[in-house]
Amino acid sequence: MELWQSFVGLVYESIPWLDGNIAAIIIILVKAVALIMPLLLTVAYFTYAERKVIGYMQLRIGPNRVGPKGWLQPIADALKLMTKEIIFPSKANIYLFLLAPILAIAPAIAVWAVIPFDEGIYVTNLDVSLLYVLAIGSIGVYGIILAGWASNSKYPLLGALRSASLLVSYEIVIGFALVTVVMIAGSVNLNTIVADQQGGMLNWYFIPLFPMMIIFFISALVETNRAPFDVVEGESEIVGGTHVEYSGMTFAVFFLAEYANMILMAVLAVVMFFGGWHSPFEGVPYLEAVFAWVPGIIWLLAKSTFFMFLYLWVRATFPRFRYDQIMRLSWKVFLPMTIVWIFVVALMTQLHIGPWFA
Amino acid sequence: MELLSLLIWLPILGGIFVILIGNDRADTARWVSVAISILVFVISLSLYTEFDSTTHLMQFEEKASWISQFNIYYHLGVDGISMPLIILTTFSTILVLAAGWEVIQTRPAHYMAAFLMMEGLIIGVFSALDAILFYAFWEASLIPMLLIIGVWGGDNRVYAAIKFFLYTFLGSVFMLVSLIYMYNKGGSFSILDMHNLSLTATEQAWIFWAFFMAFAVKVPMFPVHTWLPDAHVQAPTGGSVILAAIMLKMGGYGFFRFSLPITPDASLEFSEIVIILSLIAIVYIGFVALVQRDMKKLIAYSSISHMGFVTLGVFALFLAYQPGAAEGALLGLEGAMVQMISHGFISAAMFLVVGVLYDRLHSREISTYGGVINSMPKFTGFAVLFAMANAGLPGTSGFVGEFMVILGAVQANIWYAVLAGTTLIVGAAYTLWMVKRVFWGAITNPEVSTMSDLNAREFSILAVLAVAVIAMGIYPQPVIEVMQVSIEHLLNQALVSKL
Amino acid sequence: MVSLSDYLILSSVIFCIGLVGIFINRTNIITLLMCVELILAAVNTNFIAFSHFLGNEAGQIFVFFILTVAAAEVAIGLAILTLLFRVRGSIDVDVTNSLKG
Amino acid sequence: MLENYLPIVVFIMLGLGFGAGPMLIGYLLGPSKPSEEKNSQFECGFPAFGDSRMYFNVRYYLVAILFILFDLEVAFVFPWAVVQSQLGWFGFIAISIFLFILVVGFIFEWKNGALEWE
Amino acid sequence: MPEIFLLSAIVVVLLLDLFLTKPFKQVTYYLTQASLLITGVLAFSLMGEPQTIIFGGSFILDNMASVFKVFMAGSTMVAMVYTRHYLTQHSLFRGEYFVLVMLAVLGMMVMISGYSLLTLYLGLEILSLSLYTLIAIARERAGAVEAALKYFVLGAIASGLLLYGMSMIYGISGSINITDIANFATSANLASRETLILNFGLVFLVIGIAFKLGAVPFHMWVPDVYQGAPTSVTLFLSTVPKIAAVAMLVRILVDGLGAMHAYWADLFMVLAVLSIALGSVVALMQTNIKRMLAYSTISHVGFIMLGFVTGVVSGYGAAVFYVLVYILMSLAAFGMIILLNKKGFEADQISDFKGLSKHSPWFALMMLVIMLSMAGVPPFIGFYSKLFILQQVISAGFVTIAVIAVVFAVISAYYYLQIIKSMYFEDGDTQRTITAPMDMQLILSINAILILAVGLFPDFWMKLSVSLF
């Protein structure tokens, strides 16, 4: 933190002709770079991890040719995608066609502006950060719809429709699930929500909101088109869905967005339900002291990593759901459940149950 | 129930009763309705017998709060002007109902009921002393007439019915506006209060013309008379009779009751215009009648011409009046009244005559007939009598009214009188020419020879009318007597400036 | 600082765009709906700007309800459009011409 | 207050840039040899047939409409959720009525088969 | 409060209808009627209570609200009686129909009692949304869907304009409560800029309200919607919502911006005269009776607005009286059209009335009464409503307007006569019989007779209308 402050001071001093706004923008840019670069790196190596992990789960090795143990595989993939031809389908609406990937990735990156990594470490602290997350998150649908529409081809359109209905269905569920979080925290500021979970694992929200946590996690899988809910791509049915007509970097951008979203969802799950930057050992007599040195951000990343791993695990484990099953799950199972749970939480609040509703 | 209310509501309720009897029991319906109409007539006679002809005040008054929001009262009453018209109404209704006895075969009960209701409504018009009540009856009486023309009329009945309705409706809404205006000014819808309402010259002018629209259409006066030939021709006989005998009188009555007393100054100012219009009606329409081939149309035009005398008589008073000698003016007014009543008898009779012919041969064309006297001598007798009356032959009621009006007009301007007098010639011309072509001469149309003479019902109807026409022609005094005082009062109202 | 009149000008510009869009658009009903939404957006801007500068939340609450109603309206509007498409096979403005006097 | 939103704007710009930039790079680096075959729309191995702007199931509309409604309900619940612990039983009852009506609508849809997906 | 009861009833009926099997579908209808009845009774029981404003100034309970609600519940019940016949004849009988109607009624009640811009707007939208859906309930009829769409689009625009006006009023007065707005508008020291903005908002409000009322030049939806919608919906939408629209008008323009009367009265006068003129003239050319009645409605709306031009309590009362009368007549008129419907036969042409007097003289007579009443012929109630309005207009000094109004009233009489003509003067091609159930025939007869009966004794209703202000 001190380092940061001095850096800011340095910027202001060294470039005296800057007025406040530009300086602020520069500072933000620096922050952004500090945030996005690791993010991209994570994405890159998440793909690698995915192939590796699933490979091991299926008793194979996974990528192992490029670099030692295949470490350079993501780099190679990126280079390959970069040098591929970008095909513009003849019937496509070029502008929308190109706008679609941009709309897909922009929210995936913009959301990160409000994510709290540790106490006081964030790009910006909005009072309505959770609403911001939800709002920006739902823009992603446009990318998919536009992609399907602009391609002017059957499979993308089908994929887009499916995807859009799935996304919106689960968005409602996520919305309701997060309502319960807000009810306990009494705030829609992510920082406050995390801060409210202070005091050991028992105070994390996943305990009173266990069903909601499950629902959130499953919905996150759907929202990111992950297996077993990846009917949108559904290679065997609609040969890749929305992305059929995309090639080269246009496709890569979608890809990037998808993985960035996955990471985001993992982080959100941690922030919402697993105490964010708080150490799991808070309040535990001995361990607390032992792990006191670990910065909050590490805890956050560690927990997130677990969830990211969970994604891969789930993918390797479950067969794909049918489309109607997924829809039914959201409307007929999750939605009633969340509404009921809202009542439950409200009642618990009014009756002051447990440590969470004091 | 008071007498006037009884006169109004008995026929209306009777009409509903007749409807309930239904078309299937036609004869019952006929008998019941004639019975009701006779009953009403008898009751209405007591208006005459108990009438106090020494006062101009309203008699048989009834007053009950009706719409207190606007101080509207259910206010009835008659004076010497309205009373004879009421009796004329009740009298004519009997004739009409009797005349429609077998002629009307489609929906007879409804036909009878319509006339009964209309009778009640028209009596309401003549006896209402509250402007809105008057207006309500005035408009409501259009409805049965509309149906009578439209349902039982001739080939072109739809056009005629709607034209009739819209003309009169259009005219009367202006009256409504001016009534409301006066209400807002004076705070009362009572006609008698309106008589005393002081109005500026401009207001009077506007109100006068508004009233004029309503009444002139009804009378009908020259430029707005065109509905009448259509309506008369297309209406069934009974409808024509009621139209001519009574409905036209509503317009004349309006002039008496509203225009003169409420807007005396405007009436004075515009009297020349009205007189000229009346003269046009009398002369020009007379000539129009001359060229008609359709008997009903001819009579219709002659009605317009005759009603011209009414308006002439009314508005001549302003010119005829000389200070200290109100005789001329009074004569004109009285003449107008008498003319209205007598025209009620005569035109009814004329239409009935045509109706009788029409029943026989289903044609109203003059050319269809010829030599009717050969097959229908009794009928021809009546017909000729009525034709004479229509032409204004002395000794018939027609003469009395026209003569009085002309006398009044002489006082006003000799040329008016001369012009009006020409109608005696023109009227004689068209009536007698018609009579000649229809009744005299050889039978050209073989069907004419098959026509049967009057049956008892027709005979009695025409006989009653003949008696009335002659009685009034020879001895009009009873009629004039009852209205004398009221008309003198009206004259005073008309001559006293409100400014 | 952004002043109230700036907001009002913005909103009136949006409003006018919406209104003009409605009147000159003669082809597509969806566009019509979007223009309506523009009008509502202008209204919302107005309300929020006023609310902010008056320091009175009523305007914001109002906006909340307007949004809801707008959503319900869109839901119904789309449903009707779907129906129209079914019976007519098109959603052009031109097809809505069977009702004439 | 408002300056907290500056980073948001910057991030959105960055996000857009991260979309556009790589594509531009790809366009510059990659070859560009379009051919009619290559640019034709995708079909499983045979020439494309029919209009790709095809009719689709009305249920997609239904989902969209339901989404609009429910998402708004969520939006309504959020403000309440923030302050619900301070509102006490009044807030509880109020939201109960609200959710009750929502649930009634939900049941209505369910019974009408709006949620069935064949 | 009746609203709360009605809302619960809606929920109950909605749910119950879902679980009713086919043979019991009529239960929905009877429940609807019962709910409306109880709602009406509840509203009636509130009559005479002193005026109270609740919910932080956004809801008002006064005599006007109660009377309107009672009237509304009553006329909706009547409408439902007619509707049932129509729905069964055309296989449109669905539970949702009744629920939607009740929702619309609920919306209207909120409009009537709304005392802040927000509640008024919400009520309006509950009403409008229900109506859009109701119109489109005949899904397979192109005309109905088209009508729904037109109504929807124009209604949405109108709402937008109304809202824009509301936002301006809110911005300048700082409150959405009518009470506060009224206080603001009456405060003596308004800067000219403030007056200007109030006026600016006012114009939009007037446009919005005129849209909802269907006044020229914002009437475009009226004929199409009336013609396209299923007759039972037309019946409902042409009648009851007019009360609510007038109530909203009263709340906003009279209660709230009464001080600005001089400004909006001018607008109203133009709208009113245009409506009367156009409604009367264009109706002449119609062959579709629903469309004709639509234009006739426009002209009636003109008369209603004239009542508000006067700017005095009795003038407003006249307008209210006119509305109530109009609803009575319109209910009966559309009831008559529905009466002629038979299985699969949609009676909506004037020629469908041909020969009615032959095979059903009673209903022909009723229709005669209705039409003449609409034309404003005494002694039917329509005359007194026109009389009241004219009296007020003349008393406010607008004699010319009154003359114009009556002239067009005469013109409009022509098309009412067209129906009378069809019924009485022309013979039908085919013999048609009335298949409607007895309850409908009975209610329709009572409805029509009321037109005469109230016409004979209008005093109570006039006094009641005036007493509401």
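In order of appearance the chains are A, B, C, D and E, and numbering begins at 1 in each one.
Assume a contact is a pair of C-beta atoms (placed from the backbone, for glycine too) under 8 Å apart; a residue touches a chain by one contact, two chains touch by 3 or more.
Everything numeric here is computed off the predicted structure, so don't read it as measured data.
Novice: Going by the contact rule set out at the top, which chains touch both chain D and chain E?
Specialist: Chains that touch both chain D and chain E, as defined above, are C.
Novice: How many steps does it take, at the fewest, to get from chain B to chain D if each step moves to a chain that touches the one before?
Specialist: Minimum step count, chain B to chain D: 2.
Novice: From the C-alpha centres, identify the chain that is farthest from chain E.
Specialist: Of all the other chains, the one whose centre lies farthest from chain E is A.
Novice: Name the two chains that are joined by the greatest number of C-beta pairs in contact.
Specialist: Top-ranked chain pair by contact count is A-D.
Novice: From the centre of chain C, which chain's CA centre is farthest?
Specialist: Following the centroid criterion, the farthest chain would be B.
Novice: By CA centroids, point me to the most central chain in this structure.
Specialist: Measuring from the global C-alpha mean, the nearest chain centre belongs to E.
Novice: When the centre of a chain is set as the mean of its C-alpha atoms, what distance in Å lies between chain B and chain E?
Specialist: Using C-alpha averages as centres, the distance is 43 Å.
Novice: Express in whole angstrom the distance between the two chain centres, defined as the mean CA positions of chain A and chain B.
Specialist: Spacing between the chain centres: roughly 95 Å.
Novice: Whole-Å distance, chain A centre to chain C centre, using C-alpha means?
Specialist: Centres of chain A and chain C (C-alpha means) sit 33 Å apart.
Novice: I'd like to verify one number: the distance from the centre of chain C to the centre of chain D, where each centre is the average of its C-alpha atoms, in whole angstrom.
Specialist: Taking the average C-alpha coordinate of chain C and of chain D, the gap between them is 20 Å.
Novice: Name the residues of chain A that each touch 2 or more other chains.
Specialist: Nothing qualifies.
Novice: Do you know which chain C residues sit against two or more other chains?
Specialist: 72, 79 - these are the residues of chain C that touch more than one other chain.
Novice: Quick check: what residues of chain D touch more than one other chain, meaning two or more?
Specialist: Answer for chain D, listing residues that touch two or more other chains: 64, 71.
Novice: Where do chains touch, given as pairs?
Specialist: Contacting pairs: A-D, B-E, C-D, C-E, D-E.
Novice: Please output the residues of chain D touching chain C within their complex, sorted ascending.
Specialist: 58, 61, 64-65, 68-69, 71-72, 75-76
Novice: Give the list of chain C residues in touch with chain E in this complex.
Specialist: 8, 15, 18, 22, 29, 32-33, 36, 39-40, 42-43, 46-47, 49-50, 54, 56, 58-59, 61-62, 65-66, 69, 72-73, 76-77, 79-81, 83-84, 86-88, 96, 98-99, 101
Novice: Please output the residues of chain A touching chain D within their complex, sorted ascending.
Specialist: The contact residues of chain A facing chain D are 21, 24-25, 28-29, 31-32, 36, 81-92, 98, 101-110, 112-114, 123-126, 131-132, 136, 151-158, 161, 164-165, 168-169, 171-172, 175-176, 179-180, 182-183, 186-188, 239, 244-245, 248-250, 252-253, 256, 323-324, 327-328, 331-332, 335-336, 339, 342-343, 346-347, 349-350, 357.
Novice: Tell me, which parts of chain E touch chain D in their complex?
Specialist: Touching chain D from chain E are residues 11, 14-15, 18-19.
Novice: Report the residues of chain D in contact with chain A in the complex, numbered from low to high.
Specialist: Against chain A, the touching part of chain D is residues 3-8, 10-12, 14-16, 18-20, 22-23, 25-27, 29-34, 36, 38-44, 48, 50, 52-54, 56, 59-60, 63-64, 66-67, 70-71, 74, 77-78, 81-86, 88-89, 92, 95-96, 99, 102-103, 106, 110, 115, 117-118.
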